[in-house]
Amino acid sequence: MSKGLVVLAYSGGLDTSCILLWLKEQGYDVIAFLANIGQDEDFDAAQKKAEKLGAKKVFIEDLRSEFVQEFIWPAVQANAVYEDRYLLGTSIARPCIARRQVQIARQERAQYVSHGATGKGNDQVRFELTCYALYPQIIAPWRIPEFYSRFRGRKDLMEYAEKHGIPVPVTPKAPWSMDANLMHISYESGILENPKNHAPSDLYQMTKNPEDSPSEPDVLEIDFAKGVPVRVTHVKEGTSKDTPLELFCYLNEIGGKHGVGRIDIVENRFIGMKSRGIYETPGGTVLLHAHLDIETFTMDREVRKIKQSLGIKFSELIYNGFWYSPECEFVRHCIDKSQENVEGRVQLSVFKGQVYILGRESPKSLYNEELVR
Amino acid sequence: MSKGLVVLAYSGGLDTSCILLWLKEQGYDVIAFLANIGQDEDFDAAQKKAEKLGAKKVFIEDLRSEFVQEFIWPAVQANAVYEDRYLLGTSIARPCIARRQVQIARQERAQYVSHGATGKGNDQVRFELTCYALYPQIIAPWRIPEFYSRFRGRKDLMEYAEKHGIPVPVTPKAPWSMDANLMHISYESGILENPKNHAPSDLYQMTKNPEDSPSEPDVLEIDFAKGVPVRVTHVKEGTSKDTPLELFCYLNEIGGKHGVGRIDIVENRFIGMKSRGIYETPGGTVLLHAHLDIETFTMDREVRKIKQSLGIKFSELIYNGFWYSPECEFVRHCIDKSQENVEGRVQLSVFKGQVYILGRESPKSLYNEELVR
Amino acid sequence: MSKGLVVLAYSGGLDTSCILLWLKEQGYDVIAFLANIGQDEDFDAAQKKAEKLGAKKVFIEDLRSEFVQEFIWPAVQANAVYEDRYLLGTSIARPCIARRQVQIARQERAQYVSHGATGKGNDQVRFELTCYALYPQIIAPWRIPEFYSRFRGRKDLMEYAEKHGIPVPVTPKAPWSMDANLMHISYESGILENPKNHAPSDLYQMTKNPEDSPSEPDVLEIDFAKGVPVRVTHVKEGTSKDTPLELFCYLNEIGGKHGVGRIDIVENRFIGMKSRGIYETPGGTVLLHAHLDIETFTMDREVRKIKQSLGIKFSELIYNGFWYSPECEFVRHCIDKSQENVEGRVQLSVFKGQVYILGRESPKSLYNEELVR
Amino acid sequence: MSKGLVVLAYSGGLDTSCILLWLKEQGYDVIAFLANIGQDEDFDAAQKKAEKLGAKKVFIEDLRSEFVQEFIWPAVQANAVYEDRYLLGTSIARPCIARRQVQIARQERAQYVSHGATGKGNDQVRFELTCYALYPQIIAPWRIPEFYSRFRGRKDLMEYAEKHGIPVPVTPKAPWSMDANLMHISYESGILENPKNHAPSDLYQMTKNPEDSPSEPDVLEIDFAKGVPVRVTHVKEGTSKDTPLELFCYLNEIGGKHGVGRIDIVENRFIGMKSRGIYETPGGTVLLHAHLDIETFTMDREVRKIKQSLGIKFSELIYNGFWYSPECEFVRHCIDKSQENVEGRVQLSVFKGQVYILGRESPKSLYNEELVR
């Protein structure tokens, strides 16, 4: 008899494949859930693999559009930056994924949700824990002694996989870990752990090395309404994008082509320790610059001050995994309110890793050319 | 009989030359005071001009070293940035200049201090007013009806100058105004007033256009102690600088060579209106990145949060001209205290307008490589 | 020919009576506007006096209800307290009065609004100035040389009044000034200026001396919804009040009977100087205690922290006269949002100058008795 | 053979007596440590009892003086109040006790420290955990299954005590728990858990019921220097106290006599849940009022704002047990710095549960009587 139905956040990788099987071994029925939030993944292969491993159902869900509109856009409105540098690409993806997982669990009347986050070297546990506040019955194998004493490392997982016919990755693992989505790719651990070591130049996947990027800028116009971008236009080419997903992907493309949004930082994790991370956030970085500009152009100075401190609070909250908390909802509401008049057009140039604001205009501007003179 | 002795903040330019003469016409004795805070100026010529105009004494004072140590360094410690973008190069120069002017006024037993700030289109009045809190007897000609009704524009000044043999600038005035010092050059008004207009490419004087800057990065190592830089080393060339002034000039040189620190913003002035400004802050921008990195590396997370909000407060205060206020002194003290352990070395690359942090190390690091693993 | 129509904020007292006449002498037509915000005043007599002085029209407006609902209630929601002690009774009355004055000015197509605030010893000027932001054409006689050089003190006003048949107050003026409304009475200047002097015991008008107040408490129940009181019940007597105005007056009555809400403070004025004030705020003090209790009972801890800092900001803004500012509107909106679940009943006792919370209950409480155990 | 040496925070009560014995049963040597921080306790009896139970050594330490100077005084400087009402009497006692316990453990070369805090219904665990950050080897029996499964309630402890000859309290336990020290007594749990229930009138031990308190006020003068009280004078009687401990005890006496400092609140605990507590803090409440007054009188307005937010931060930190944290040390340093000029004399009256400020004077006052006029 089944111990119950589990919705597992499944990535298609070694860890969650083993977990899927192990959960079945333990007597659970397993639904595999894989969210497409823009990472580079063979979703078909992942689906087949999950089915082969005995998943009762497999949900592959394209969440890219809601990720942009409901998670990236609020971060843009907030100028969300953690500790003055990190644009929170991983932090805002967690609640998006978890929300859908919980919806599926409810819809399928599952008793449990489960995930493969280890807590080692990443804040995923804290993130997911908080998100799962929405669904308290969690199975977290990496916190279960039967699991973690059996699988003490990658080697154990590999053996288990081979033994049970789980396809094993053939390419050698990179000497760091990465987390990718539409907003960014983060790299950490492995050879990056030593904060003095430079990041290898072949690490980046979303952005060109500025040394090799085009020697001519691209000039864009970004139109904002209520603090979010509603259109991006390439001035020279005359092309434009105006749906959130297309628009954001286009900014990733242009930003990536010019090597925009690379940072190498040490950050303070929720747990208290410090961690070194490399991030590339091309489109998000372009938007941060553009939004800062149109916001300052259209917002009252004193409102801006208050909103700035709410934005810092917001950044801390989502970094720490509290997207679904009363305080985060409150802060989001207030920030959203502050954006009512953040409307207008910013012209900027993207070049060699940089975003240069060139000019701006707005029907709601508080700028008074007469007064300045 | 003299109406009294005035120490005039004299720039050598048209305005303050006319003011010097006008003050004498009004019956004052005038001491001309010109501070060297790193602007590009022919100080000898200015001296001679002032003498010729009838200044009783001329003080040309090299304040560059104290400007770096007592004004730029606290800004570096604070990560001082106004409204998320402006590095406050003008704001921190005012109190440095005013302090010395007041010292001279006291030493020379002058009854008055005077300056040529207009209050039109700039926050200089507010700045200086606050600074002169130290010396309340101010003569501000541009606020005196006899003066401003006589000199209604540049044309009146030119005529007055010609009539009185004041050498008149021969090169046509740029269609914008600028303010330069060791930390930055700011450009505003004129054709820049329209916030939609792009800044002309020949405007910048401290920084190369990134499109024309070298196609190879320079890699620097910056050593910090107590939150301020104590040595900069060019890794490849092996050269290093370790006095504050030399070190900062060198960062300006390298930053400028690679086009670092250009911004085009609209900011909120103290008066309440918005103003468009173009700034270039090469060395300051390099230091901001480097200091942010070493600070986060060595400072406790929760201390950092509190210090961050103090830094924002500090930036608002100095932008608004309150360097010499009880609250600013209090905040400076607290920020200084927070920097006790901000010590270590940051390696970074400067390239095409960007500063890339490459790695860091510190004897005081709270980073624990073991813990991360 | 008339110089224009002026709506004068008229109090019926010596100053504004003289101003009314003086304005007419200067060639203006004058409309007298007197707001009833709960002060103890013979409004009929004031009306007749204004008519006799030649006011073209006299508006006596009962603003008490809107004062309670639109100004006191937001202050209750915010726990508005300036510098940890002052409940802002004067500060929130100004925008209420000014708003109506401006409405009348618009409706009557007046060219000007005018007021008798002196700026001496009080922040009224700042308050009113800000409020009049709504209507920029202000005549402020105490800032007009023709006026203030003619009326150098109370004696000049008295002579002018006698000469022009303006009824002169017969009772000698108290050796302090006061400002009264439904929320509070403030006392300042005169013998109170010396911060060491005790306030005379016969000064207070809204509250009994606690030494003479009843030797038995009154126990009240206050019901809140969305952070504002919706019913007050006297537990023993079984009586209750549930319209805002009645409810607040009843709290003033009970609070006043027991001597609640007296404070003697030195506060920091907007202008920068310090000022000694005595205040009595009976009903407002009862509500502050009750609201603090039900709010903490029903609000998430982290929301509370953010809301607390917004409340402090709100208090500073309204103290400084910025009720009608973008930032104050923004903060009010955010605070109002935070009150959605602030609902429930507080039981408290009022006795000898104190408010003692006895217990509370709420359908929206986050309190979990099981969890506590 | 001994499992090691344990320094146990021993109260003399049932719980820690049982723990002492149980630790010995488990094979540990036990040193009993009892801090005198002003609670009402028969220290001799407690000593004898501990010896009889087999403690290897018993340390009874009078920490009252250092509690006042090093913990209460910083709270006074900070105007430390948690959630606008709670004066943190328990929170500031924990680090004082823990510090000494750790000193003893080091001095006696003990392997462990231990305490009897349950974590049920109180934040003691969190407090102590943080404090013990100083000494990581903790034995917390109430978190050890062998202990808590054996002692499931008071009854089990009673039986164990009787069986082992531990003297059992003869008076029936009050239907609530309390925590007492020089600063305050807190009452919670039991019949107080229902937030609607009124506190019984016989609960309070430090303060008279205001209904029965004297019908005449006592007038005190409190002299401050650097933000802490240095002398208290009874104006009528002419007596005065000027050592910290005596001074504070005297304020407790006068405050208690007049029923000052009783509050009934629901507060947000660190864990996230809400908890109802009754507190009486007589001397601390008098000092809060007096310090607020002299501070506002002598401190610059803008410094005050910044300091106010640091004080709120400080209150949250110590409530949550972070006295010994880098951020709390930083905040304490900054607050202390802000108190440099907080000097002067406050006159106040204590009467029927209230503290009324009557007047103040200071050599460092920023109050300018001339300016006010």
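Things worth noting here:
Which chain is which? They are A, B, C and D, in the order written, and residues in each are numbered from 1.
Keep in mind that, in the parts below, a residue touches a chain if its C-beta (ideal position, glycine included) is under 8 Å from a C-beta of that chain, and two chains touch if they have at least 3 such contacts.
Quick caveat, the model's predicted, so the values are computed rather than measured.
The most distant chain from subunit D, with centres taken as the mean of CA atoms, is B. Subunit A and subunit D have Cα centroids lying 45 Å from one another.
Subunit A and subunit B, compared by their mean Cα positions, are separated by 39 Å.
Of all residues in subunit C, those touching 2 or more other chains are 305, 309, listed in ascending order. The touch graph of the protein chains shown is a ring with every node of degree two. Pairs of chains in mutual contact: A-B, A-C, B-D, C-D. On the side of subunit C, the complex with subunit A involves touching residues 300, 302-303, 305-307, 309-310, 313, 322, 325-327, 330-331, 333-334, 337-338. Remark: subunit B residues 79, 83-85, 120-121, 189, 193-199, 210-211, 215-217, 262-268, 272-276, 292-293, 296-297, 301, 304-305, 308-309, 312, 316, 347, 351-354, 356-361, 365-369, 371-373 touch subunit A in the complex.
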